[in-house]
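For reference, chains read A, B, C, D and E in written order, and residue numbers begin at 1 within each chain.
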Amino acid sequence: MVVYVTLIVMLFGSTLVFYSLSPYYSALGLVVFSVPGSFVLSFLGSSFVPIVLFLVYIGGMLVVFPYSSAISPERFPSVNNLGEVVGLVFLFSSWVFMSFDNFQDLKNIFHCFVSGESLVGSNTFYNSGGVLVILGVFVLLVALVGALIISRGIESTIIRAIWLW
Amino acid sequence: MSATKTLSHAQRVLRLYKRSVRHMESWIPERPAFRYEATVLRARFDEHKNENDMKKAAQILQAGEEEFWEKQHPQPYIFIDSFGGTRYERNIPAPEWVLNKWHPIEKARYPYYFARREKRIAEEQARWDQLVEEERQLIEQGKLPPKEALPS
Amino acid sequence: MALARCARCLRFDRFSPVVRVSSARYASGDVSLPGPYPETPEERAAAAKKYGMRVEDYEPYADDGWGWGDYPKLKKQHADDRDPHGDWDFPEDRRNWGEVMHIEQDLFVRQRPNAYKQNRKIPLWKQSMILGGILTTLATLGILGNKYKYFVPVGPKQYPFNNLYVEKGGDPDAVPDTPKNYTFPTSSYI
Amino acid sequence: MVISPSLIISSLNLGILTILLGSIFFFSKSYFSKGNVNFPLIKTTSACLSVNNDKEETIEYNSGPFAMAILKVLAFLSVLSLLVTCNNSIQSINITLSLWLSNTPLNISLNFIYDQYFLVFLSVALIVTWSIMEFSFYYMTEDPNSSAFFRLLTIFLLNMLILTCSNSLFLIFLGWEGGGFLSFLLISWWTTRNDASSSALEAVITNRIGNIGLITFMALSALNFNSSNLTNILSSNENLTPLLPFLLFGLILAAAGKSAQFGLHPWLPALLEGPTPVSALLHSSTMVVAGVFLLVRTSELFSSPLITHSLVLILGGTTALFAASTAIAQHDIKKIIAYSTTSQLGLMVTAIGIGQPALAFFHICTHAFFKAMLFLCSGSVIHSLSDEQDLRKMGGLSKLLPVTSSCLILGSLALMAPLLAGFYSKDLILEATSASVLNLLGIVLSIVATMLTAVYSFRIIFFCFSLSPSCSSPFSHSEENFNLNNALLRLATGTIASGWFFSNLLFAPPSFNVTSLAKGTPLIVPIIGVAALFMSLISSTSNSIGSNAHSATTSQWFFVDAVHLSIITMSLALSFFSSRTLDRGWQENIGPQGIAPTSTALSKISQAGQIGLIKRYILSSMASVLVILALSLLILS
Amino acid sequence: MRQIVSTFLFVTVVSGTIIVVSSENWFIIWVGLELSTLALVPILCSGFSPRNVEADNKYFLVQASSAALLLNGALGQAWLTGSWSILDPVNEVTSICLSIALAFKIGLAPVHFWFPDVLQGLPFFQGLIIATWQKIAPLILMFYFSQLGFSYLLITPSLISVLIGGWGGLNQTQVRKILAFSSIGNMGWLVITSAYSFNAAIIMLVIYLIINTSLFLLFDHLKVSTLGHLNTISQLSPISVALVLLVMLSLGGLPPLTGFILKFTSLYFLVANNFIILSSIMIIGNLQDYFFYLRISFNTSLFLFPQHIISSASWRNSTIISPLAPKAWLSSVSTVLSTLAIPLTLPLYIIT
């Protein structure tokens, strides 16, 4: 049940990120997303990764907060209609609940894709899971490059597709 | 306009004479023999030359046409440029109005000719309008019968 | 008449765009061609006026379900039978402007063979009788020729010494006896 | 031995076909100057072209010389390969280029066969077409776009060669169709001329009827023998008992349509609407002999039923008699020669009917030469009389056109006089006919046709050369043209020599046992015919006026009149209800006039979804996916 | 965008596709798809015109949602079967998730809405990447997937997409939208063929990619975006009139051209599997495709519109592209392949 609630909170945070018109709420959403994420990982029995993740997120957020508040000091930060956010959250959570009714078995997934070993400790990063880690790092790099490029040209853009309804 | 027009007696006689001479020429290829036969034929036409009784003349013409119908050639000689001839309708030059359909791009390749052509067309149009105007005035003055409308 | 009824139910005539596609409509862009079949004399007069004909000449197709509305039934005259030297508005296809076309006009244009040839010197029945006579004569002759054949019966070439048995490389020890010569085997020819 | 004759032959012929194919795409204008002495065509070019006199250069904007040069080279090559065949007799070389659509049940492959038939035909066709091309360069110079004309002639020849050399039915059909289509283009060459276009329509429609027969044959053979390969079909013709009549029917229909047998003949005189070189090419070596050639190729199929033989025999005899009797009363010089072509085709089909395909092919080869020469002669006469075609306007031409008139007389004699090309094959065919057990009518018809042949040939000679001149002023300089003279003399040489060459060096003509009467008939009968002609000419003209027989022969037994009317009336009566109910009835509403609004409405509906809002896109996508899922689950459960 | 960055992004797109194609682990496949999407997003909005960025956003959102669905399906698969392999049999829910996700990525019929907008918003070259390269990975997955045997989920959408592609393009005037709808229709052909023969689907994919590439490159070279501008081609570069004509007819599947093999192979396998009625439906849809292909061909070659002075003056200076430019090289090669390559396709056809 706790995992369920944390997952719903996770979904709420991630939805908040791309529904917020101002960087405040997006950063808030990231925090809201990160904390239960590390909770879930710790429930799954791995201790090291959640801690690293938590520290990274909190540190990153501490940077992101002043930075975003510096670049976009709008007076009335707002979220594009909040009801949709909640609706989406419940939609996602119900869908997730439908497809995986028992959350405690999520372990098996991790187990089977790092060949049966649990993620306790960071040793799997160095032997069998390493390829995945390198791949993930590469994906993060690509995402960073893309974000940079887009944000260079962002001033001339309109996000009409999102907030028109 | 239409092709069905009534012919006078003289016209029919002349046409009959011409057709029969032509068909005789197609029947008889040698020139001298044909000349002889043609003279005989001419004589046969000439003996009724000054026939004044119209009824009789009509009967004679009727008889002559029937005889021609009996003796006509199945493949009469056709002049090469007349209808049915071997060179009829061969390589007809394109009519002049085709140039109106040309695209400006195509016209731009022969600028001088088209400039002069434009001038000529303008003059022709002016002349035509002038003629129409004169005719209209004549009709108004009653010197010409009014035109009837074309069948729709 | 049952045929007419089935025809009526097959083509939704004169309420529908069916009759629009008759060839006359394409010739003169008048969409009102052909109109409904004229019953009363007034309608006949109106239709005749529409087609630019005299009322005496005007004769529409019979309205048995396959008809053409009020379209006039015209003489079948091929363009070749019209006067080539006549003073036509369109000399190349020998028509006058506004002249009513036959409903099957595409049979009578100059590109088609002139099947409805007028004033033949020899009437058509005589022509077809001549043709049929020749062909039947040929056919009967063919049948007779199949019956009574004419050819020179020939046998295979025959040589002395058992048809040169040894000379042709046969075995001289086993010489077969003399074959029966000078007979005409009939089976190998027919 | 590394270089075997079969290797030489196959490489030569493949090369010839390839060069011909390439020369079609060769669009460059030939260019040469006056100073160029060793080029023989210079007189003609300077005669017919825009010469600017300050520079002594003539620029030839015409692809004619190129086509002539190509054809000359190819003709020499083909003669070379023919000589190779003469020395060492080879069997047929079978070349399979690529396997096409192999894993379909019916495998289709580019399959060439080089047997003696094709080799002889190749050289004959190339020589004849070379001469015709040369002549047409003389004949078509005033034409606005003569380059296209030469190219069309080349494509035509290529199609015919494909037809003759191919072993797979699909290639044969390719050449067949190409021939029909090119004949359409060439007949309607003067497109502004109405008679030309109608004649082209007639020709192409009659060819469609023939193609129905060929397609029947193809389909039935694909059904029966599961192969489109001609050799397979001919080798496996035992196991086809039920379908054999239909196969033979298809073949005979195809041949009758293509080579204008009686009933499908009217398109052949209609060919004459084209320019004279076209008539020469089509009548001599390429188009009309295709049907006979198909019959020659497939003649093994005719082996079993005797009734088919006699049918083909009667067909050919009827055609020969019809064409000959029609030709004696025509007044158009080209029409006379065209009808003589038809009667010769009838003789070829007769030879097929009595089971002698080799003789038919022999007649094809010899016939090509003198018939092409006759057409070229008539073309030169027509050109010198400025497009006058009527016999009655010619006369006394032997003084104006000595070469032409001598060649014309030679070509007319070639059909009836011994030691000339036509006589070798025709005499053999008559002998075989009289020796055959099939039908008495065949020999009768062919003998009568031979007599009439003499009649119309001498009629041409009489009208053209013996009468007093009755023509408008001819060009007296037309025979100074090298292209005309070379072509005529080359073909005359072929006319004299080809019969002897083929019969002695290539074919081994079979010998027949006939009575001396039947042997002497081909010699006697023409003399009778000529005598009859002169009798009728002396006591001529006026007595035959208005006789039904004369007009019957003149207007081709009234075949066209009667048959056109009957066909049109029948088809109208048959198709009236269908056209009234379908084409101008409910099908019109449902079909052409119904589809357009329906699809327009549907496309409008499908476009209503395209509003550029991504959320609605995703939502509608999800909704439709769910609908599909629900429907499919309902159906499956 | 800088040369090195764009090169890096292109290489990443290619590597993402290669990862997807070469791996049999659902998770890695998801990672590869995400990789190519993330790398493609900045490429697409390199112009930063508003339409451009809007199309980019739409593309990104659709790809993200489809990737989420795919990951969802993959997780369910892994959770049920205990392995991430794509060769394991799929159950209903996961198969539905995965197929919907893949259909999203290739723009199959019920989920095709985003495709015309995105393609319309992008320049031709970026549109080329979306319409050709980005379709390889999902289509290969789809082909694998249709071998696992739940064909009703693929056959219905592909039939719908053939018809929708026909009807959608009927009254379009934008060349890119027409191309988008035609690609929707062709996706239907590919997927429905993949349900019956894997090799045939692969061959059709290759031929379709080649033809589409040549089309996009031609239009990119000629800079024509609407049907009204097509007639200026005959003045801009006369040779490409014939090219556009031939490639269009080849895309429609006229027999002597290469595109004929595409339709022929598909119909051969469909009819061999007694798929006659539905294949006739698909042929009808393809006829509507053919209608607007012919409309493009007509506007390119046969019509001569009244034009403004610039294009009418420009028939003198036809644009010259140097053969050394890679775009020109690619377009020429792909044009030749997409029109004349029917003998080359025969061995392909024979191995199927």
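Just so it is clear, a residue touches a chain if its C-beta (ideal position, glycine included) is under 8 Å from a C-beta of that chain, and two chains touch if they have at least 3 such contacts.
All of these numbers come straight from a predicted model, not from anything done at the bench.
J.: Suppose subunit C is absent; how do the other chains partition by contact?
T.: one piece
J.: Need the most distant chain from subunit A, centre defined as the mean of C-alpha atoms.
T.: B
J.: State which chain is most central when centres are taken as means of Cα atoms.
T.: Measuring from the global C-alpha mean, the nearest chain centre belongs to D.
J.: Starting from the mean Cα coordinates of subunit D and subunit E, work out the distance between those two points in Å.
T.: 49
J.: How many Å are there between the centre of subunit A and the centre of subunit B, using C-alpha atoms for each centre?
T.: The computed centroid separation for subunit A versus subunit B comes out at 96 Å.
J.: Provide the C-alpha centroid distance between subunit B and subunit C, rounded to the nearest whole angstrom.
T.: 34
J.: Measuring centre to centre with CA averages, how many angstrom lie between subunit A and subunit C?
T.: Using C-alpha averages as centres, the distance is 84 Å.
J.: If a residue has to touch 2 or more other chains to count, which residues of subunit B qualify?
T.: 72, 74, 84
J.: Touching two or more other chains, which residues of subunit D qualify?
T.: 194, 551, 612, 614
J.: Touching two or more other chains, which residues of subunit A qualify?
T.: Within subunit A, residues 161-162 contact more than one other chain.
J.: Quick one: in the complex, what on subunit B touches subunit C?
T.: The touching residues are 1-4, 69, 72, 74, 83-84, 150-152.
J.: Residues of subunit B touching subunit D in their complex?
T.: Result: residues 25-33, 37, 70-72, 74-75, 77-78, 80, 84, 86-92 of subunit B touch subunit D.
J.: With touch defined as at the start, can you tell me which subunit C residues reach subunit B in the complex?
T.: 52, 82-89, 94, 96-98, 121
J.: Please name which positions on subunit A make contact with subunit E in the complex.
T.: Touching subunit E from subunit A are residues 95-96, 99-100, 105-106, 108-109, 112-113, 132, 135-136, 138-139, 142-143, 145-146, 149-150, 153, 156-162.
J.: Under the definition above, what is the set of subunit E residues touching subunit D in their complex?
T.: Against subunit D, subunit E makes touches at 54, 57-58, 61-62, 65, 96, 100, 103-104, 110-114, 116-117, 152-153, 156-157, 164, 167-171, 288, 343, 346, 349-350.
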